[in-house]
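Below, subunit A partners subunit B and then partners subunit C, in two separate complexes.
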Partner chain A sequence: MSVVAPDRAVAPVAPAASQPFRPSLAGWLARGLAWAALACLVLILPLGRPGTDLRLYAIAACYAIVALSLNVLLGYVGQISLGHAAFVGIGAFTSAYLVTVQGQSFWVGVLAATAIGAGQALVLGGVSLRIRGLYFALITLSYGLVAEQNIFQIQEFTGGGAGQSAPKPAWFESEWRYYYLCLAFLALVLFVDWRMMRTKGGRALLALRENPRVASTFGINVRLATLFAFGVSGAFAGMAGALIAHGDESVSADVWNFRLSLFFVTMTVVGGLRSRVGLVIGGSFFALLPYLIEKIPGFEDLLARVPGPVDLTPEYATLIIGPLLLLINLIRFPGGIGQQTRPLQRWMTGHRFDPHDRGLKEVQITDVRA
Partner chain B sequence: MSDVLQRRGLLIGVGSAILLVAVLWITDQEQSIVIGVVTGSAYGLVALGLVLIYKSSGVFNFAQGEFGSVAVCTLYLLHTSGVPYGVAVVGALVAGALFGFLTERIVIRPLFDAPRVIVLVATAGVALLAIAFQQWLFDNQGRPISRAFPTLDRVTVLRVQISDQRLWLIGTLVVLAVVLGLFFTRTNLGLAIIGASQEPTATELVGISVRRLSTFTWVLAALLGALAAVIAVPDTGSFTPGIMTSGYLIPAFTAAVLGGMTSLPGAFLGGVLIGIVQSVATNAEIFQDIPGTPSTLIVFLVLLAVLVVRPQGLLGRSA
Partner chain C sequence: MSVLETRDVSIRFGGVQANRDVSIAIGQGEIVGVIGPNGAGKTTLFNMITGFYKPDTGRIIYRGRDITRLPVHARAALGLGRTFQNVGLVKGTTVRENLVTAQYLQADYRTISGMFGSRGSVASERRLRQKADALAEVLGLTELLDTQVAGLPYGTLKRVEIATVLATDPDVLLLDEPSSGMGPEEAHQLGDSLLELRNMFKLSIAMIEHHVPLVVRVCDYLYCLDFGQLLTHGRPNEVRNHPQVVAAYLGEDPDPLAVALEAQLNALVETE
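Right after this comes the complex of A and B.
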């Protein structure tokens, strides 16, 4: 009985598989229009905005890089960093210090920030792998506090209370050029991430997340693969830090704290693990959340009417909305924005629009007990 | 074999504690011994909660600090609205425990079968949410909080001056340690929790509901966190939103790792040790050249050293 049943279930699907779906001419046109609208939204519309807004958009692109960086840990190996603010912050100060104090060029600064980011993550990761479990979370949490209270207190490195200035690179001084530069870096990170997951090392990472023991019986060096992921994640984080520093043109020590680390985790998980589209949307959405709240007409007044001891300003609203979304997301929609927008993504890439296609294969939950 | 190792761990722990106290004593810093032991005990209580939850749910609970912060906020709100201090303390403990109960029911239970890293993110989300509400409630400002004994009468024991507040705290802790010890070795409920943490399947087989125990464990851990906060925070005279996460969670985690992450006595011993180490780091002259707060760096180095040299901790069984 049980042998026959699967055959019956498969039978009606088979002819459809032999004839792949091709959109009609109107379908292609609609998809082309959608792509054009997207390109317009990302590439052309921002040019009409004032410089202060463009600066925010550039930072949003950098936050998308941070989300991709955390995704390497959280989505690919099932480890987590709770000190990502420190990695990003040290990247920011490294680049600012090299450019302002040492007189190096912007490109040297970004490269150094990337290398130092990878180095820190490798050292901390190496120590945490001495013991099975999620000890990377603990070590990075503690390291984040060290960065906040010790490293960022070094006057020469961070420029003290006034912060370290970080000029924009030559030819990229104007806000819109720098915005395109950030988009280019985001594209680079997306490309590296995509190619990485197509290599032997990337597949090893996925196998390892499913079950480390089974992976090691297939000859995967678990420690080496995990360390590799730590290094890649740290490198992305350092690069994003350098870009944020030069985007803001100055870095101050008091923003890189524990809450920012948790904020990074929030945007990564809400964006959707292992979904590049979702991560980019999540990162930029959270970076722009206070700005969006101000832009939606009437929303601010609505917030102000919420009863409370003090007014619910957009700043406090962002602080509360973030973790609320995170918890709802984890409990109800584990795939995040990436999973919810998946039918649209499939349609845009020339497939049939199927509202039930949630790509559930990719969020299978297997218990990797710590 | 593991007994011998454990005894050696206990010797190392107690030995280094005595050594550090002796250093403080010789350098005429008796006062910081008391501060170290009191804050260390608070770390120890938070660490006990962390270990309890780690044993029952297999997850690092990053919301553990916020159970305490919620208690402190309740204490402040009740006391400033005219409730007597003793009643306010009870109210604070109830609020902390209730927060633990709600966290388990609303967030942890639906994630019973999820990967551990996802549950970890969820606890961090709970912490972030609690901190955000406190920031809104207090407009991101610190508030003064009054002590249980505002008179500050001092008693001198062996050159060391101890305020009556701290004397009471140390007394409470001793009683608490005895009660907890008896609870986990003599009562059915305590033994069931230990059993469920060591062998959940076998515990289910003898007819104990592991899920129900999970709720109870979270409430107990939250109560310990609330107790730590009510003991330690008013002693410093003021509090800020999310104080237990920013000031106590990391030392408590270090203490739990130092103790072995699965050992309850180890967690408390680790907490006291970390408290004394912080006292030494704050006062010793050789650390004064470290920029910023020297004790943060020292706690981080202790964490790294434990993981490199002795990953199983002082009293843990195996890595």
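Right after this comes the complex of A and C.
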């Protein structure tokens, strides 16, 4: 067959393709050390911390799950959800209600929260199948408000102003055991996400995010695939909600508001869409941000001296730092933290260290107009 | 008997009658060209055949079956493959990923069993990758398999798109301006490729095309649309010299410049 030689080809054809890169023995040792350091940081170092800190770390792992959940919608399907606080909150209350009021076990609670999270996301997804983009964002926003004003006001379900208590499961009462439990759930979610994107279902999501029309000419049922993504995202969110509730040992209605939804979107985007590593870092970093700020000496005094109508407390700092990071992210690093950590990530998995490797090009809005 | 035909399809967008009573037919193994000036409703016609628009009146028949009400993905499953005017590819990924993604319907496992790496899914995924390699070889894209789609030149993208639509295992191929963005030489080679691919994959092809030499060389039959209506149809040489077609392309009253242009066009065809 006659074929045009790709003469104007394309610089980034990797010459290494013919000769796959193998690290030397020293290289492997260095990588092993890096892995050991990472394991130490995540698994061993936290054990030396007081219980209140460990509780925060557990919540940080849950926030990482929330980031992965939001990423399924935002990163894979390209739909922004401004009602994710409701997704997570419904999971939290479901589990707390089942355990405290109905006397079920923690495991039943988490399972039910996951299922109900998926269910409510499917309903919302079904309602909004015909719209995309900004209009869809408005639907999710109003869904969040409806949940806040109605579902979370049901006394029986949420325990009213005092909140619903959510005891930790048997054997996981101590903070460090619960922390490990949350890590295990995070690992499960990471595994599911990783595997999903390596199947036809995951590829279908990426294709339909890029262009639903092109996806449908591949034979992909766009509505079904979108619903599938909603289900997965809702399941992750519900599970995270249940874990947060039991981590705090109580859950009250006033935290699941629009501000939290924005906070979730910020941490997901700053973490880096479609980068699992970035999302985990982003989620846990934002969860720990208020706490980290308190550790900076003199920061509170600095905040107090900022003139203005309100006295700034560390709580407000996240409201400033979050959007600031988001701005930097949008202007300079669209791939978020994940894009920045990618060279390290590649190196640790046995590739050559390439500081310029930023992974896939950030995708432009395509110009297909069919 | 024709593989695919439209019977008097019409569609209106607000005040614009984009297609009026358009009937075309594509026979088994034929390459059919759809020509006409900009805004004549060619892409609209394709969009109705693929299922993006539902015609107001008229029917679309595929192998004797009325598919007018079927959704796009169901038509793809029946064997309708389609390329886009502005390249329909998943841009953020590599050529290989595109070729694998497009084989969605041939991946004969459930996503859930694929997630847990069932034996069937692993075997299926391996088949998809092999087919991607084979298709890339047919279209001369082997070296580009691991290249990001976003960085490729336009002409190459068009070739990748054809490989991708072939990956969907089509029976009828609808190509929307396959030679746009290609130079004359590239377009000539595209013509060779299309003729070969038709025999290799037992395809019937309908293509919207502006490149007259290409159309005349590869098409068995031509339809010319103007203002949403079928102006004329017939063998390429008849249609090309049809006075109404010349008028539609070059204006009502051919001035000296237009005549010169047409002469040039004809000369081009002869040299092909």
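In this section, the second predicted complex is superposed on the first by the 321 of 370 C-alpha atoms of A that agree within 3 Å, B and C clash if a C-alpha of one lies under 4 Å from a C-alpha of the other, contacts with A are read in each partner's own complex, and residues count from 1 in each chain.
As a working rule, a residue touches a chain if its C-beta (ideal position, glycine included) is under 8 Å from a C-beta of that chain, and two chains touch if they have at least 3 such contacts.
All values reported here derive from a predicted model rather than from experimental measurement.
**Q** For A:222, is the partner it touches subunit B (first), subunit C (second), both, or none of the two (neither)?
**A** A:222 sits against subunit C, while subunit B stays out of touch.
**Q** Just checking: does A:214 make contact with subunit B only, subunit C only, both, or neither of them? Give me first, second, both or neither.
**A** second
**Q** Once the shared chain is lined up, is A:146 touching subunit B (first), subunit C (second), both, or neither of them?
**A** After superposing on A, A:146 lies in contact with subunit B but is clear of subunit C.
**Q** Just to be sure I read the superposition right, which of the two partners does A:316 touch: subunit B = first, subunit C = second, or both, or neither?
**A** Only subunit B is touched by A:316; subunit C is not.
**Q** Pick one for A:277: touches subunit B only (first), subunit C only (second), both, or neither.
**A** neither
**Q** Check whether A:255 is in contact with subunit B, with subunit C, with both or with neither, and answer first, second, both or neither.
**A** neither
**Q** Under the stated touch criterion, which partner chain does A:288 make contact with: subunit B (first), subunit C (second), both, or neither?
**A** Neither partner.
**Q** Quick one: is A:199 in contact with subunit B, with subunit C, with both, or with neither? Answer first, second, both or neither.
**A** Second partner only.
**Q** Determine where on subunit A the residues touched by subunit B overlap those touched by subunit C, and list them.
**A** Of subunit A, residues 366-370 contact subunit B in one complex and subunit C in the other.
**Q** Could you pull out which subunit A residues touch subunit B in their complex?
**A** Per the touch definition, subunit A meets subunit B at residues 74, 78-80, 82, 127-128, 130-135, 137-139, 141-143, 145-146, 149-155, 258-259, 262-263, 265-266, 269, 308-310, 312, 316, 319-320, 322-324, 326-327, 330-331, 334, 365-370.
**Q** Using the touch definition from the top, list the residues of subunit C that touch subunit A in their complex.
**A** 43, 47, 50-52, 71-73, 76-77, 80-82, 84-93, 97, 100-102, 104-105, 107, 109, 111, 114-117, 121, 125, 138-140, 143-144, 146-148, 150-153, 155-156, 159, 165, 168, 185-186, 189, 192-193, 196
**Q** Which positions of subunit A touch subunit C when the two form their complex?
**A** So the residues of subunit A touching subunit C come out as 1-4, 6, 8-14, 17, 192, 195-196, 198-204, 206-207, 210-211, 213-214, 216-222, 228, 360-364, 366-370.
**Q** Applying the document's contact rule, which stretches of subunit B touch subunit A when the two form their complex?
**A** That would be residues 58-60, 62, 106-107, 110-111, 113-118, 120-122, 124-129, 131-133, 135-139, 245-246, 249-250, 253-254, 257, 261, 290-294, 296-297, 299-300, 303-304, 307-308, 311-312, 319 of subunit B.
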